Structure formats: structure tokens, C-alpha cells
Amino acid sequence: MAAQQGDVLLDVEGLSKSYGAVRALEQVSVRVRKGSVHAVVGENGAGKSTLIKIISGAERADAGTLRFAGEPVTVPGTNQAMDLGIATVYQEPQLFADLTVAENIFLGREIRRGGRIDWRAQAERVQTLLDELGLPRHYARRQVGELSVAAKQQVSIAKAMAREARLLILDEPSAILTDNEIEILFDLVRRLVQRGVAVIYISHRLDELFRITDTVTVMRDGQVVGTFGTEDLSVRQIAELMVGHELDNGRTHRDPPAGEPMLSLRGLGRGEAFRDVDVDVAAGEIVALYGLVGSGADEIAATLYGIKPATAGSITIGGTPARIRSPRDAQRHRLAMLPADRKQHGVFAIQDVAFNITTGHARGFRRFGFLMDRARENRVVRELMERLAVKAPGPHTPVDALSGGNQQKVVLARQLVDRPSVLVLEEPTQGVDVGAKEEIHRLVADLAAQGTAVLVVTADLPEALRVADRIVVVRQGTTTVEFDPGARQADVLAAAAGELSQEGAG
Amino acid sequence: MTALDERPRTPRRGPTGALGGRITGQELVLIGVIAGLWLVLGLATDTFFQAGTLGNLAYVVAPIALVGIGMTVVIASGGIDVSVGSAVTVVTVIVAKLVRDQGASFAVALLVAVGAGALLGLTNGLLISLGRVHAIIITFGTLNLFRFIALRIFDSEQVAGVPGTLAFLGGGGAGRTWNVPHAFLLMLLLAAITWWFMRNTPSGRHYYAMGGDRAAARLAGVNVRRQEILAYVLTGVLVGLASTVIIGGGGLIGQNVGVGMELQVIAAVVIGGTSIMGGRGTVLGTVLGALLVGTVSSGVTILHWPSQLTSLFVGVFILVAVGTDVLRERARRRA
Amino acid sequence: MSTTRTGQAPGRAGSVPARLLRALVTQRLVLLVVLLAGLIVVMKLLENGGYLLAPYSSDYLAAALIDAVPLGLLALAELVVIVSGRGGIDLSVGSMVSLTGMTFGFAVGQWGWPLLPAALLALLAGGLLGAVNGFFVAALGFPPLITTLATYYAYSSLALVSNGSAPISTPRIQELTWLTQPVELPLFGRYVPDFPMGLFLFALPVIVLLWLNVTRGTYGRQLYAIGTNDTAGRYAGVPVAWVRFRAYLVSGLICGLVAIVNVSQFASARPDAGTAGNGMALPAITIAVLGGVAITGGIGRVVGVVVATVLVVWLNAGILLSFEGSEGSQYQLLALGGVLVFAAVLNGFATRRYGGTS
């Protein structure tokens, strides 16, 4: 069993949490020991993030107890968690770009001497801290805005340690890092552990668990499946535990068409984000581009749609080479995309449903050269609302009055106004309820049946297996193996999560 | 860029302890441009380096730079105050009438000026902070309200025959020592104090944090509201001092005093390198920005060019300053 | 945009007074119309009580509308620019009016151009100046507040330098006053007051054109889209920079028109026409905000701004009748400032209490 380094630092007992009718956590118990790097793994929606939110004071549990260093504690807010010595480092570090690293570390708790900041004392403290953590000393005086993402993450960790954190929660720290940067992160984590700090390490990349963690807690459907010593498991075993017994994934049988590819990517690459991506999607076919967070799958989608243009390789649509440098180029080639970030990239929140559906299709609704054809707009909008089963009082309801699932359908409807020949869906069911998820999956199948080439870019494995005719795994910025939808979840997951010597399984 | 860029680098700002951190790149450029202009003007004319010309330049710059000190704090912390011109009108007419009609002493006049300015600033601060409305809208409103108050006090007449009670801060002989206007020295003193404050105190640093990310600053324990209100009060106090400088030797105070001054102040702040988005900016830069604008104005005059050309140059300088800021932001985002 | 919020905020249920309050707070048009009606009632009462210097008559109100033409047009220009988002604002409208007015003045008064070509030249000049703003803001990504502050300076300087700070007021320019003077309407003109010519020549065409384009047109759809969510606009395939550029271009064109109105109204092309005193930009922005335009972009209606203009102009006209001498113009400042702060605080309240204004 788990390596028993030391005393239990954090003892979570019987934690439960519901959001409305959804049970996010059910009777979760975890023990984290001093000086241990404790991985928490699970698929999306398994309850990992709810668990860390409760531990770090961002959410409150419905039931259950927390004991920290032997004492029962309540964590009503993030500041109280910090006072206890529980610090969380998120993927997007909350730092002030125009202040120096030293200032960021001490913001709000400056060392003062006679009303002014004692720069010397602060600098010394920071230098000592950086030395202890094995980080370069010159960081102290740099402005955070000048640092790389990886360096900012290191600064966030240093900031937590400056507040004497005893438990550090790292939320998918490696997703945004290159291999080199991950090495540096691991060195840093090892130093923390030597100082007796406990680390909760959230990650999707299972291979790295073996290099840095000693204990693994596997979660599934809001429950703890089990806690194990890392060395007792393999990538494959962890994947099996995460997935559980194979369920019938509700897939309806489809006959995938085998025609000429409608969308064809050859050697596509962009800077350091991804390279050598080869994918074909035939008309009427649904292909899933499955990759974990940080795999580069989302970057491929952004490039296909012209948000961040490619620097290498080619995109061919319907047999003709396409040079896509903006979303408008993509539209001209009849390629539409549903973006993953609904709030930032999708909806026009204060505007109504009709506005949200027809915006971007000015040409199709133009009358007398400049007027909106409101009759036609109304017709098209009503048609699409019906087809997508958008639950809204009418086309003139503000979109932010709708549920997440219905908002997603509205944004999806926008992609269908011009009948695209290629449809890219990025995380199409993120943050939508189960019913809407079903409907969106059915809709995607319908669209394909009508001859659209569909590329689903997703980090949600059951979704990939359920909707796709083929699953292409993206790992470390390139396409790797391919599975057919009959594949076992654990196999696909293991391939994406870094099991080595993986041959195309079936 | 890789994670560990070991290249040693001169830090850009103060809290670094290094001498190189005391002056920013933009400030160096400004010093260079001002020095260059002075050199050209000195060579092109016989009069520029006469003490009188430079003294006048310093006196004209003083009120703009004084208010600019407060405006720097306001803009760096993510706000803006377009009511300062009207606030100057209010304080000026109050104090001018006070010294003329009540025979108020220098000390009383100064005290009333500072108090009245602070009150106007407090009004702005409270409305912005409690009303939770964008600063530009509120201060557009108070711009009109303050002007109304000022015109009521003017009572449809200019204030003529103001005695020289405040001449010590004025542009005349009584306001200068060795031809250096006391107003300019006062401005330098306050600029130095504020510069030090913004650089070296927790509260000063918190203004930059607020301008960078208000919500995160609040989470880090910064008392955002108190800081915000104080910034507007500080600006009001400086408005009060600027008003006493404008009254100076007395004489005639017209109803147009202060009108449009907010734009000159904001121009000086922006040319000085303060980002209108907040989070970045120094008082030293603002003083240099005001000095640059004053130099251009003075140069246009002694070259006998149409004085209205000054605005054209100011406009171009603003665009250049903003252009460098935009480019720097882009370069940073790409890094 | 005509988004009526159908049941999602608190305070929806409830008594008639509660719903009235809600309508007043969240629907700017309702508030403006109520204020306008209240204003007329109060002024009529004052008139009957003998407190006014002259009757607050329909003839007086109609004549006062000539002030609404430049004010309303510039407020509409601010509407387009502010709605375009990303901190959209145009501080340079006053100096654009000055500079295009001088251009127009030169063309008519000194070069002897006929009215029509000269008017076209003024529009062209306005469009060019607006395009400069649009280029910096939309293509280069400069912050609008500072960009238009810079061009405010540059344009006003050029206007002043163009004729050595002197106005152009030749007889040919003085002949243009018919453009803005009151006229009797044909057919039923005897039964209604005489309205200023400028209303029909300038204000109505612009209002109709803007309403068609912004409220009913495909351009407006794109404009509100980028103002609401710039990034989502890009993802939806809206040509973001081009749409925003055109907003500033429209602002410049409107300034060209206002310049013609201004020159004919005062029978003189003055180089400080739009910048004297507090300038024209501040009242224009104030009216836009009062009309329901949100400074954050994406919200604001043409009708709201038009009604807000009429409200402010008639309020000003009433104030002029209520005070002797220059006191009236002073109280106009109080009204403008007070109304703006009130509207802004109300917007903030509406957002927190009901989730927004429409």
C-alpha cells in the first residue's frame, strides 16, 4: 500500500456536496500525509475539482468533516484556508503583471519599516525562499508580466510557500508546460516534500504520476474508488479504475461512410503548440480528436478555424487547399466551429436568441443591401430553435436567461445557419446538463447523416466513444494512435495519458 | 521563450533597490526629447535660455503637473477624473473672492483652497465608489455640477482686483527666488513625496495592484474602496494647490479659468507613460510629460509660430506615447 | 435592441407599483417619456402661476428644437462609437466640427463653391477625420479615450491655424441661415408651430438612416455584436476591426453635417465652434448616456438618445424661461450634470437589482 511517510496532515471524512439535483461528491474520504505527493485522478466530472474547491475554501460541503494537522477545522473562505496553511495553485496564476515577483509574493502582507516597505528585508526573504525552492534568484526583481507561463507558475508556488503553506494543491500544473518545464516543476515539488509539505497533485497525465507521486486516489462519479501506493499500479490499471466497468455507452450503430475526405489535414503544425497532425474526415463521418488538457487538441481546433493560423502543413477542404487565417476565411470554406469557451467566445450574453443565432451571417439576411431581413431571420431562427429543441420563451428572450445547455444549443445553431460542409465542435457538451448533452449528441449524428463532415475535439472520453466513428488520440502536440468506437475506454485513456509502447488497439 | 531565461536584466521599476530601477525607459526617452528640444530652441533663438523664459515655462507647467500628480495615482489605479478643470474653477473663484472680499491671509487662503479641493475630490470618490459607476461617467457629471457651482459663485462677473495675498506662489517677482517660481518648487517637492509614496509604501504599491486587477487586489486584502476614495481626495487637494498658484499675484480672475485643463492634465499623464488601462505609471513621468508640453508651448511662442500649433504637437506626442505603450503590451503578451 | 426581459430577475412578481418602478428603472425609454411629460406639466404649472419670463408655448418649444439638431446628432455619433465597445468614446467630435466647419467655410465663403459641393466637401473632410480615429482605434488597437483626446488636440489646432484663429463670415455664408431658420410646413403648416428647417434637412434624415442601419440593419447587428463581446464577434466571423472602424467613420461624417448646421446657424465658420467652453463632446456623451447607452458597449438605442435629446433641450429651454440673465445657462449646467449622475447611478442600480437596462 501507500508509502507511509508521516503523520496524516489532512483528513477528509465523509464529504458530500450536491449542486441542485446533481451529486458532485458522495461520502468522499481522503487522507493526505505530511511529505507526500498525493495524486487525485478521475475523468472529467468525477468530482476532483469539487473536492479541491472544498478543501481550499472556495466552496462549502453539505456534509462531512475536515481535520487539519489533527484539529477539526472549517474552511469558510480561501483566506481562512491560507491562514491554516492550505494553498492552491491554479492553471491561471493570479498575479499582478506590473509588479515584481517579490512584490507579488508580499502583496497585502508587506514587510514594513516605519511606514515604508522594507525592500531589503523583503528581498532577502524572497532570495532565501527562491534558493530553498531552487528557483533563479533574479526572479525577485523581475516584473511578473515579463515572465513565461511556467515561471509564473513557479512564482505562484513560491508565493504559497512564503505564506508557510503546509498543504499545496496543484491543479493540473503540467497541462501548460513543456517537458523541460515539467522537470523543473518536479524538482520544485521534490524540494517541497523534503521540507515536509504535503502536495495534492491533480493531473490527467497518468504517466507522470509515476515520476512524482507516491499515493494515488482514484475518483469516479463523485466517489472515491480507492487509494493506492503509486508504485503498486500501472498506467493501464489506473485507467481501468477511472473508467470502471465498461458500460454500454448508449451508442446507436451507424454505418460510417467511406468516401473521399471532406476535411484533410496533412503535417499541420503551429509553432510549439502542435506539429505533424494528420487527420481525414469524410463527408458524413464523425471523427473525434481526443486529447487530455494540454495535449494540444484545442490548439488544433483554434488553427482550423483561423484563430491562430498554421505555420506548417496543409488543410484541404472538399479537395481544394484552404488557407485559413481568420474565422471569416474558415466560413468562406464552409467550415464552422463551436468554440469550447461559451462565455468568452460563444454567446453575446445580453442580446436575444435571434441575435445570437444570426450574428456573423450578415450576407444571408441582407435585404436592399443593408437591412436585416427580419421575416427571414424569424423564420430561420424559429426553424433552428425547433430543430435543436432550444427551450426558450421565444426568439427575443435574452440568451443569458437560458440554461447552459440551451445557450450551447443557441451557439451551435449559429454554426448551422449556413449549412457548413465541415463542422468542428470543441468540447460540445462542456457545462451542459445530461438532457441537453443527449440532444446535442443526437443532433451531431443527424448532421453527419445529412453529409456534414464532423470533427469533435474533446477531452471527454465517453463522449468521444459515444459520438465518433473513429477516435484519433492527440498526445504531446501530435496525432498518435487511432481507435474505432468499439475500443475499450481504458485502452484509449491509457494511450492518451501516456502509456508507452502503445500499439493501435482495437 | 523558455521557462528559465537567465539573462540578467535591469529591472524597470523601483522596488528593486537598484539605481537603474528608479527611472523607466519612457522617462529616459522623455528626458532625451526635452533636452533635445531645449538644445534646438537654445540654438535657434537668443531668448530661450534667458532666466525669464525658463522661469515662465516652469510657472506655467506647475499647476498642470500639480494636478497631474494626483491624476497619475487615479489613472494608475484604474480610474480617471475629467472634472479637475471645473474643480479648479470652483476653488479659484472661492479663494479669489475670499482674499479680495474677506481679506483672508495667505495661510487661510491656502487652507481653504486645500479644504475645498479635498471636498470636491471626496464627492467624486464617494460617488464612484458607492455608486459603483464608471469613473468617467461620474466625473463628466461632476464636471458640469462643479462648473455650475463656480458660475454661481462668480455671480455673472469676473473677479477683478484680487490682491496679491498669494503672490508668493504666483508667477511674478514675489513668487520667484533667483527666477525659480516657488510654485514649481512646491510641485517638485510634492511630486517627489508622491513618487516616493507610490514606490515605497504598501498603499502606493496597492494602487498599481488595483489598476492591474481590481478583483484580485481585493482578494489579496487591499482595501480597494478606501484607496480609491483617497486617490480622488488627493487629486482634490492638488487641485486646491494648483488654484492658489493660478491666482498667484492676483488681479483679474476670469470665468474661464480651469476650463479644459483636465485634458491638458490627462495629456501630460499619458505622455509621461502612465497606461490609461491602469497598473502602470509614475509621477516622474507625468512631471516630464507636463514639462514637455510646456516646452513645446514655450518654443512655439518664442519661434513666433501660431500659438495654436502647440495643440497639434501635443496630439502627436500623445499618439506616440500611446503607440509605444500598445506595442509594449503586445510584445509582452507574445512573450 | 428591443430585448424585453421576460421573467428572470427578482421583483418581477408583485404589485402594480412594484412593476411600474421596475419599468422606470430598467426601461430607459419609459423613464425618459415620464420625465418629459413631468417636465411639460411642471413648466405649464409655472407658466400659469406667472413664474416664467415668457410662455412655455408650443411655438417656443418648436423653435428650441434647433438646438437639438447639433446636440442630438453628436449624441447619436457617440451612441454608435460607444456601442462599438472596447472603451469606445469620441472626445474629438467638437474639434471635428470646428475643422470641417472651417473647410465648409472656406469652400462657400472664400472659394465661392455652391452649397452642395461645399456640403459634400464638409462630409468628406468629416469622414477623413473620423477615419483617422478609426484607423488608430480599430486597426492599431489604441485606447479610444486617449486616441480621440490626441486628435481632439490635433484637429482643434488645425482648425485654429487654418485661418489664423479668425472666423469666416462673408456675405455668402450669411446667406445660409435659411438652412436652420423656422419654416412653415406645407399643407397643414398653419395648424402647427413652425419647425426649424435644420430639423428636416439634417436631423430627420440622419435619425432615419441611423435607425435603419443600426436598429434594423445588418451593420447594426455586427456593431452590437462586437460591442457586447469582441471575441465572440470574431469567432462568429464578424469583421471586427472593419465594423469598429466604420463606427468612428460615421462619427466623423455626422460631425461634417453638424458643422454645416453650425455654420449656417451662426452665419459664420468659427475655428473654435465645437471646442469653445466645455466643447460639444461632453454634452453629447452626457445625452447618449442619459439616453441609455452603456459606457461598456453593446447597449443603447437610437430612440432613447433622440428622446433624451428632446428632454435636455426642452429642459434647457424651460430653465432659460425660469431665470433672468445668465443664471439660466448656469442652471442648465446643473441640470445636465445632475441628470447624468442620476442616470449613471440609476444604471448601476438597475444592473444590481434587476440585471440590466434595456
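Each chain carries a letter (A, B and C) given by its place in the written order, and its residues are counted from 1.
The rule is simple: a contact is a pair of C-beta atoms (placed from the backbone, for glycine too) under 8 Å apart; a residue touches a chain by one contact, two chains touch by 3 or more.
By chain, with names taken from UniProt: A = ABC transporter ATP-binding protein; B = Sugar ABC transporter; C = Serine protease.
Bear in mind the structure is a predicted one, so any value in this text is a computation, not a measurement.
Chemist: Which chain's centre, taken as the mean of its Cα atoms, is farthest from the centre of chain C (Serine protease)?
Modeler: Farthest by centroid: A.
Chemist: Can you identify which chains form the pair with the largest number of contacting C-beta pairs?
Modeler: If you count contacting C-beta pairs, the leading pair is B-C.
Chemist: Using mean CA coordinates as chain centres, what's the gap between chain A and chain C (Serine protease) in Å?
Modeler: The computed centroid separation for chain A versus chain C (Serine protease) comes out at 46 Å.
Chemist: If you average the CA atoms of chain B (Sugar ABC transporter) and of chain C (Serine protease), how far apart do the two points sit, in angstrom?
Modeler: 31
Chemist: List the residues on chain A that touch chain C (Serine protease) in their complex, please.
Modeler: Touch list, chain A to chain C (Serine protease): 305, 307, 326-328, 330-331, 337, 339, 344-352, 355, 358-362, 365-366, 370-372, 374, 393-394, 396-398, 401, 414.
Chemist: Given the complex with chain B (Sugar ABC transporter), which residues does chain A contribute to the contact?
Modeler: That would be residues 78-79, 94, 96-100, 102-103, 107-110, 112, 115-117, 119-120, 123, 136, 138, 141-143, 145-146, 148, 150-151, 154, 177-178, 180-181, 184 of chain A.
Chemist: Which of the residues in chain C (Serine protease) come into contact with chain A in the complex?
Modeler: Residues 1-6, 8, 212-213, 216-222, 224-225, 228-229, 231-239, 298-299, 356 of chain C (Serine protease) touch chain A in their complex.
Chemist: Which positions of chain C (Serine protease) touch chain B (Sugar ABC transporter) when the two form their complex?
Modeler: Where chain C (Serine protease) meets chain B (Sugar ABC transporter), its residues are 89, 91, 136, 140-143, 145-147, 149-158, 160-161, 164-165, 277-279, 282, 285-286, 289, 295-296, 325-327, 330-331, 333-334, 336-338, 340-341, 344-345, 347-348, 352.
Chemist: Please output the residues of chain B (Sugar ABC transporter) touching chain C (Serine protease) within their complex, sorted ascending.
Modeler: 80, 127, 131-134, 136-138, 140-148, 151-152, 156, 256, 259-260, 263, 266-267, 270, 276-277, 306, 308-312, 314-316, 318-319, 322-323, 326, 330
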